[in-house]
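In what follows, a single structure is set out as structure tokens and then discussed.
So that you can tell them apart, the chains are marked A, B and C in the order they are listed, and the count of residues begins at 1 in each.
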Amino acid sequence: MAGSVSIRHAASPRGWEAERRRAFLFGLAPSLLILGAITLVPAAALLLISLTPLNLLDPAGTFRFDDPLVNYRQLLDDPRFIGSLWVQVRLSLSSVTLQLALGLAIALLLNANSRVLAAIRSVFLIPMVLPPIVVALIWKILYTSDVSPLHRALEQIGLPLRSLIANPDTALWAISIAETWQWFPFTMLMVLAALQMIPDEPLEAARIDGANRWQLFRYIVLPYIRPVLVVCALFRLIDSFKAFPLIYVLTNGGPGTVTEVTNFYGFIQAFNFSYWGYASAIAVVMLLAVLAISWSISRFKGSDGNERHD
Amino acid sequence: MNATTDTLRLPQRGSAGEHDVPALRRPGARPLGWLRRHGRAALAVVLLLVLMFPFLWLVQIAFRPAEGAFDDSLLFTPTLEAFRALLQGNFARSFANSLVVSSLSTVLSLAIGVPAAYALTRWRFRARGRVALWILITRMAPPIAFTIPFFLAYRWIGLLDTVWGLALVYLTFNLAVVIWLMQGFFEAVPAALEEAAWIDGCGVWSAFWRVTLPLAAPGVAATAVLCFIFSWNDFFYALILTRTHAVTAPVAIVNFLQYEGWEWTKIAAGGTLVMLPVVAFTLLVRKYLVRGLTAGGVKD
Amino acid sequence: MASISLRHLRKAYGSTEVIHNLSIDIRDGEFVALVGPSGCGKSTLLRMVAGLEPITAGEIRLGDRLINDVAPRDRNIAMVFQNYALYPHMTVAQNLGFSLKLQGLAKAEIERRVQAVAETLGLSAVLDRTPRRLSGGQRQRVAMGRAIVRQPEAFLFDEPLSNLDAKLRVQMRTEIKALHQRLGTTTLYVTHDQVEAMTMADRIVVLKDGVVEQSGVPLELYDRPHNAFVAGFIGSPAMNFFRGRVQRHGAPAVLTDDGLRLPLHRLPEAADGHEVLYGVRPEHFELQEGGTLEARVVVVEPTGAETLIAAGLGRHQVVAAFRERVDAHPGTALKLAPRAEHVHLFDAASGQRLN
């Protein structure tokens, strides 16, 4: 292969080959070292701390390992933690499903050659690239009944509505909607890219055979974009674990703990109660979940990427 | 021997509605024809207005006078008093902090990540897949997992509430993005060009600097912008790891919500200012957005 | 300028050996063409001389210098790539002067040399253009100019003409050969086109599967190929081959399975009945009234300078070339006779030459 160095080479390289290998190492080493320092070391430290009941109100006294699994045992018994997992699952599932649906629908709508549509595609990117805090502000305004134009419009036509985020039954849905609004462009972009890559021939052949729009979609387009939809879903799922600004600004985990996702619960434990050991254990659990899903993404892209994109 | 070439004109894929038009040239069918031809665009515009309404609503509040923030009238004389009030306080300083931290983080990530990306591209070694996975994980890890150890470490070394400390933390996700994206861009430069440069008198990094990098410059620019955007938008790390000195704009706005009462026009003005650089940059690099957001997961 | 000597060169990728114990000597100032079918290892060999591929075993010397591990930049050789590898972000002048700039020459000197080379190659008018705005032929010349301006000890060409259209190829062939005659630099030229090799080289090396099949002056390879592979590779249209057995008694001949009796000039050093390959070049057939070999014409291709006739002879397909115009039509019969003194005989099993 042009320019490549096989490191399974039998003889030890001299001269130019050695120079090349040194050069590559020189370029790669700083990154690997720094990445290691800022990811692996903190991860190890996190694990370590999760084995202690560390409490910042008494750091010296609580940094001990006499009962390493105390936090994990507590987690299993903690109804608030279990509740937060359940909230997380509900939020992630609803939000990701809505994002996929809306993103897919809009992608299909906008998949045509026209300058108007191209411009609209660009504008639709905005929710995704806005600083998440701004998204939170936007929806804070929309959900606060005194100031929200939506609430007042509903009032005018005689359907007054209680604030969605103050109502424990609807609070999580309110956040889900806000998150859908923020992230549907991601699916839209990825599906659009995939739609561009569908070759014309199968579509033409099916049209000539008399397929209508729905059949075209179901039998030709959908199989093509299914891998992209799956990757989208996985990515969005992992990202949904990180949801913070929305909850922080809109509901602060409430009313009660109705919108308290696991990430938020960990935040509260660490920065409200100063139970760092416990919070670390929560973080470790989340990290493992992320690891599992990341690994399945890389496996999925490996197996399907080969059969599709050749 | 007479060969006539007959090209079968297949209808364009994108104009699903277009090729129906000839069949509709009946009188009375014109409005319907217009709808069929432009229905897609019309629906898209309607959707655009509906979906962009929340965003536009925030922006227009920023230009209202403080007392009449939520007047029913849709027409009003725009005023910049909210922005002026905003900049009189500490907000300008936090905005500057955001600029400094984002720029610093971008420069650091590029300086460290670009050579690494090059080495990974030209040096095929077996662990490449595992490196990709590592990159994916660093992008995906929940911030809480890193903030706890970083907070404790920074408290100890004294990097809490500093611009450098924040920029360093941002490396956790930006470095990965740089390495992932630049690999793709470097792969697009033919290795033969570097070989010619070697023969002409260059060493490995000399050829990289004189030949490969200039040709990958647009990629570097796009990557830089993406790093800037990701740094600028961060909320969680900034919330935890800063107090007063290194507060960035996203966190400063939230302070309005909690401490300075609910001055909606100022909040809206703050939000508008914070989003401006990002939206502007996004329009520049929208081609590369998907690549940046799926770093580590999807081979381009 | 210097000689290039390759000694016992081996190249292996992991456990796959691509070049086997190869030795070639190129004299100072010689133009050697390296030909062979794709996959024979000629490009790999060239890249090893350039320093772009590591050597598994053996020696490469430039003049007296052992350059096995020397970096490409220190070898004092220049290479012309198949796809030219011009720097897209530099102008023609900058492309040409790049190596000189790296050497640290004074700007005035660089400009002087670049101007001189540009004039030689007819590029003076396009010095300020970038490669994108050049024609294929111009790009090729810039690639050559880049090599020439360095005044290296040797030139390496990696199939430089294969991306050009036929007419341009013929023109550039002459130009490259003229250039070599002027500059006299040692040249190693890789190509898969044997016509290029024949017309341009002082010496040809035929390579197959990493082994040298034959090396010598073009006409020597043409007139006395050492084995059947070289015989079939060199010359266009290719040599015709018949498989048969030697007949020693009576007039020496080769008998094929389909009953053809192919005459031999003299007794070969082969036993009676030995299986051989009988090779005749298209131009060595003559029309013989009353001859025993009757061919059925399939296609007649008049090129103007000669007439090529594809015909069926027994169960064989042959191509014959005649200088004179031949009155033949598809379907007619033609009495062909090979000129026995120009026949090549090869052992059917090993391919080695027997006469």
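The rule is short, and it goes like this: a residue touches a chain if its C-beta (ideal position, glycine included) is under 8 Å from a C-beta of that chain, and two chains touch if they have at least 3 such contacts.
Just so it is clear, the model here is predicted, and its values are computed rather than measured.
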| item | value |
| --- | --- |
| Innermost chain, taking as reference the mean of every protein Cα atom displayed | B |
| Most distant chain from chain C, judged by the mean position of its C-alpha atoms | A |
| Whole-Å gap separating chain B and chain C, where each centre is the average of the chain's CA atoms | 55 |
| Interchain centroid distance [CA atoms averaged], chain A/chain C, Å | 60 |
| Rounded Å distance between chain A and chain B, as computed from the means of their C-alpha atoms | 15 |
| Chain B residues counted as touching two or more neighbouring chains | 192, 195, 203 |
| Where chain C touches two or more other chains at once, by residue number | 51-52, 71-72 |
| Set of chain A residues in contact with two or more other chains | 2-3, 5-6, 19 |
| Chain C contact footprint on chain A (complex, rising order) | 2-3, 5-6, 8-11, 13-19 |
| Sites on chain A touched by chain B in the complex | 1-7, 19-21, 23-28, 30-32, 34-35, 38-39, 41-43, 45-46, 49, 106, 109-114, 116-117, 120, 122-134, 137-142, 146-147, 149, 152, 181, 186, 189-190, 193, 200, 203-204, 207, 213, 231, 234-235, 238-239, 241-242, 244-245, 248-249, 263, 266-267, 270-271, 276, 279-280, 282-284, 286-287, 290-291, 293-295, 297-298, 301-302, 305, 309 |
| Chain A-touching residues of chain B, taken from the complex the two chains share | 10-16, 40-41, 43-45, 47-48, 51-52, 54-55, 57-58, 61, 69-70, 72, 112-113, 115-116, 118-120, 122-126, 129, 132-134, 136-138, 140-150, 152-153, 168-169, 171-172, 175-176, 179, 191-192, 194-195, 203-205, 229, 232-233, 235-236, 240, 249-251, 253-254, 257, 264, 267-268, 271, 274-275, 278-279, 282-283, 286, 289-290, 293-294, 296-299 |
| Residue ranges of chain C in contact with chain B within the complex | 50-52, 71-73, 75, 77-79, 81, 83, 85, 87-89, 98-99, 102-103, 146, 150 |
| Interface residues, chain B side, partner chain C - complex | 190, 192-193, 195-203, 206, 211, 214-215 |
